[in-house]
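Pasting a structure here, questions to come.
By written order: A, B, C and D. Residues from 1 in each chain.
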Amino acid sequence: MGNRCADVIVIGGGIIGNAAAYYLAKRGCSVIVLEKSDHLGDGGSSRNGGGVRQSGRDKRELPLAMYGIKNLWPTLSEELETDVEYCQDGNLRLGKTEEHMKILSGLAENAQSCGLDVRMISGEEVRDICPYLSDEVIGASWCPTDGHANPMLATLGFYKKARELGVRFITGEEVTAIRKIRGKARQVITKENVYEGENIILAAGLKSREIADTVGVDIPMQPALLECLVTEAEPEMFGQMLGTAEADFYGHQTKHGSFVFGGSSNFEGFNKDNGTPVNSSITASCICRGIMKYFPSLSDAKIVRTWAGWMDLCADKVPVISKMEEVPGLILACGFSGHGFGIAPAVGEQLSEMVVDGSTALDLTALRYDRFQAKI
Amino acid sequence: MNTINDRSKILKEFVPANDDDMIICRCEEITKGEIRRAVHDGMFTLTEIRRYLRTGMGLCQGQTCSKLVRGIVARELGVSPAELEPATSRAPMRPTEMRVLGKEVR
Amino acid sequence: MKRYDLIVVGAGPSGLSAAIEAAKKGMNVIVFDENAKPGGQLFKQIHKFFGSKEHKAKIRGFKIGEDLLKEAEDAGVQVVLNATVIGLYLDKEITVRIGDEIRHYKGDAIIVATGASENMVTFDGWTLPGVIGAGAAQTMMNLHGVQPGKKVLMLGSGNVGLVVSYQLMQAGCEVAALVDAAPRIGGYGVHAAKLARCGVPFYLSHTIVKAEGEDRVTGVTIAKVDQNWQTVPGSEKYFDADTICLAVGLSPMSQLLKMAGCEMEDNPKKGGQVPLCDKYGETSVKGIFVAGDVSGIEEASSAMIEGRMAGTAAACELGFMNEKERDEKLAALEEALESLRQGMFGPENKGKLLKKTDEGCDISMNLLENGYLGEEEVKQYPGVTKTIGIHPVMECTQNIPCNPCQDACPKNCIKIGENITSLPAVDPDAQCIGCGMCVAACSGQAIFLVNEQFEKDYASVTLPYEFLPLPEKGAEGKALDRSGNEVCRAEVVEIKTSKAFDHTNLLTIKVPVDMAMKARFFRAS
Amino acid sequence: MRIEEHPILGRTEKGKEVSFFYDGKPVTGFEGEPIAAALKAAGVMVHRHTKKYGKPRGIFCAIGRCTDCVMVVDGRPNVRTCVTPLKEGMRVQTQYGISAEKTKMKG
């Protein structure tokens, strides 16, 4: 086995870790990425719905989303020499009741205050944009600069390019602990090996909690199962990313022609685990019923595959992207709470700045690790 | 089970072959050359190949090509096909219309 | 949610057998199968099965299917057809597509008996219409009554390739050639011999280079392969054909088990991905069992026994049977399974080149390489003897588990003995009466009746005949030798058909006496 | 070609004769048999042309697994003809990519 020392050790070969590795390598750092699974991007990175959106996001992470969509996503395919199937045809968040519309305009106002072009539109306007939607839709929030991409290709594209730049990826390498040496996080202990780096980026999704625990840090997050399904290829219908006020489902039509939709059954907090992310027997059917209410014409589309993934749901539903002053050398990037994909390139780039420059161009103070406070 | 796999492993150089344009995944029309190329791009597992190229992601869900893909990848990596774990199986086992999947009887 | 004591997925030989065993112990059993007809692959099998009486030997596959289904119904098993199990979830819950609905069921035990799927090979043009799986050919001709093509080239000399080639001829198609990259025929010699004597050429150590044609197959080019499986330039041969049939092995269809989280292993001896399971088919997930090809590729006969074992084990686990009864049952079933796994083709000998039979006879290399026995070779086997008057000539030269000929003869002329894989021998003290029961009973169609004193200078040869049209008595034609070459004129002197022969007709031809040990097939002129 | 009489299976029992349309042309088959069987008996080999390369495909597995034999049936694409029973008046069309129209093919 080769050298186990590098400038940066990244724990987690998902899209966050891979993107960070890529941008770090681009800036001349030596990087080793350790991934527990046999496959890169085997967690949420390959299991999400592919949204690349700004609308509907919490104010604290909105700058990351806006920055990425403006500066990184449009050229990502060329940059990674991988077609990541980025499509910027806008995002419709659909509402069917006045109650829904209230939720949506609240979110829209929030985003507008951050300078995002998002507005409320009527049912008719919705159907002008996407004529396949049923009359049950009475309005939506509309963000024309949102879109979607292929999560698997984006994740593996970052990997491919980072690997080309000399980043060492090791899969099947489960990290058990981080070890401080003379007051500084320096060693990464796996079941069989010890790695050493000047900096350690912890981007291991849910597993981050256990690993951070070994240096006395706790991030309040918990697992929640998300499920998705994909249809056979259908004739090209629309390019928008879709969501709903109540999050019945979300999704889009891919470049391939298939539709990818995610959704929930409301029992997500209670799903059993047999060691693999296993679908529940009821969710796919529930998602189908949700979709058909909005898209009656998709009722004959055949589902070819369903899958599930555990997300790292943070207590306040936004990620922790933060240096740890208490544990020098350690950087956290976890708790993405099911919406990390769209901001991943930006997060990767900011992480590289954190390591190389010591600070980031974007203000990430609101995503610090020590923000969690009791309610009163 | 998870096994340590260093992705910086040096493979034999990619040499184009006569049959690189042979279709392997019939549904998604993925060729042998594309699969071989993907291995050199770093896709060392069948799951990664599948996510990268869509092999076995079509209508038949890999019922026809999975063994063929495995053989090609194994050869390219210089390992035995048995060392490569097939991609996960997922419901539904046959393509199922949304209106059917959405109509549950308990 | 509707719950059953036992849910069986797949109504093939193993699934039905498992269901029968469990239902007989009082379990509430339901079987789901995605096909419109039950029986799995049995319904496409129109040949007589090998084995012993207990294994339903000499009964045709589809008839075994019918019998199993009747037995299942009598035992109270509910068989639901056109019912596709699309998922196997936690807590042994399945989702089934029935019509335009999804139904959820739970089983206290689940037996997955989903069988196998066909392997494929690639060559230039392999996606052209006209290139089909051997299973597709069987489905079209034996289930739907449609010829897969007019002129077919078969790739693969395992039992599937051999049996399907013969079935293609029975369906009125021409088999242009049988090709295999392996240097020797993989299936039973008797199956190969049936084809060779009809004139089908065998090309071992050959592979398909290209399927010719623009929008459909119009021909095939094959070429010789060297020891490294590379084609030898200049060795190409072209055949006119409209269909290429692929019979290159099966893989367990184990996706449901993988989905359910059963621990899997890749076992080339079992044909691919199979669940890890104990001797009686229980997987790493308690209460989920497997039986038949999904747990390892074998024959339908062993699948039925495995099904019974899994059904028995499940019945005991759920308290429908005590351990003592289970152990007795399982011991008997294991013994039966063991007997089927004996012989040249048993798992232990897989891939080995055996030189001698158990009896010490040389194994015919000609049979392994060309599909037929050499004229001199045939004389050394215990079933091939010479006597005055009519007598059986049993060209059965490989140790395979099969013995119906022994029981077929009313005069006890044929002896196999205790060991079911022994070659049949002629009892010199018994007197053949020429009834032909042995000819019809031989699943390998390897028994002939020869009478070298039929007429002055003429001998008679009685052979099994399963083609249409059936020649008439007095018809003139040519006798073909074991390799399919025309060797002499021949006249049909007798046709025997009988219910007891089960569609195997006995054709007696008259040939010059020196042709008695050569003529093995008849072609009308 | 249909097998009129089989040496082992005898005469195959057929359902009611029905007519259906193959690419607009009337064809006959038997009710309940797979669409693919009726097409095969009528000499049809090409069921579809693939999406990426426009290559012809036909029956391959005949048991509903490989999905190579899919066609547009009564306006719906991707119908597995080898396991879909034939009905009177069905409109069966060659599939181009995922549509019945040749012009919708990409590339």
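As a convention for this text, a residue touches a chain if its C-beta (ideal position, glycine included) is under 8 Å from a C-beta of that chain, and two chains touch if they have at least 3 such contacts.
No experiment lies behind these values; they were computed from the predicted model shown.
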**Study point:** Pair joined by more contacting C-beta pairs (B-C or A-D)
**Key:** B-C
Practice item. When you average C-alpha coordinates per chain, which one falls nearest the overall C-alpha average? Tell me, please. Key: B
Revision key, fill the gap. Between the Cα centroids of subunit B and subunit C the separation in whole angstrom comes to 32
Revision key, fill the gap. In whole angstrom, the CA-centroid distance of subunit A from subunit D equals 43
Exercise for review: Can you check how far apart subunit C and subunit D are, centre to centre, with Cα atoms defining each centre and the answer in Å?
Suggested key: 29
Check your understanding: When the centre of a chain is set as the mean of its C-alpha atoms, what distance in Å lies between subunit A and subunit C?
Key -> 53
Exercise for review: Among the residues of subunit B, pick out those that touch two or more other chains and give their numbers.
Suggested key: 23, 26, 58-59, 63-64, 85, 88, 90-92, 94-97, 99, 101, 103-104
Review point. So which bits of subunit C are touching at least two other chains?
Key: 34, 87, 89, 95, 102, 104, 117, 127, 259
Revision key, fill the gap. In subunit D, the residues touching two or more other chains are 51, 55, 57, 60-61, 64-66, 68, 78
Exercise for review: Please give the residue numbers of subunit D that touch subunit C in the complex, ascending.
Suggested key: 1-3, 5-9, 12, 14, 33-34, 37, 40-41, 45-47, 55-66, 68, 82, 85
**Study point:** Residues of subunit C defined as touching subunit A within the complex
**Key:** 87, 89-90, 93, 95, 102, 104, 259, 261
Practice item. Quick one: which bits of subunit A touch subunit B in the complex? Just the residue numbers, please. Key: 1-2, 36-42, 46, 152-153, 156, 159-160, 163, 168-174, 192, 231-232, 256, 276, 279, 282, 284-286, 288-289, 291-292, 298-307
Review point. Which residues, counting only subunit C, touch subunit B once they are in their complex?
Key: 1-2, 34, 84-89, 95, 97, 100-104, 117, 119-122, 124, 126-127, 251, 255-256, 258-259, 266, 268, 272-273
Review point. For the complex, which residues does subunit B have touching subunit C?
Key: 19, 22-24, 26, 32, 63-65, 67-68, 81-82, 85-86, 88-94, 96-97, 99-101, 103-106
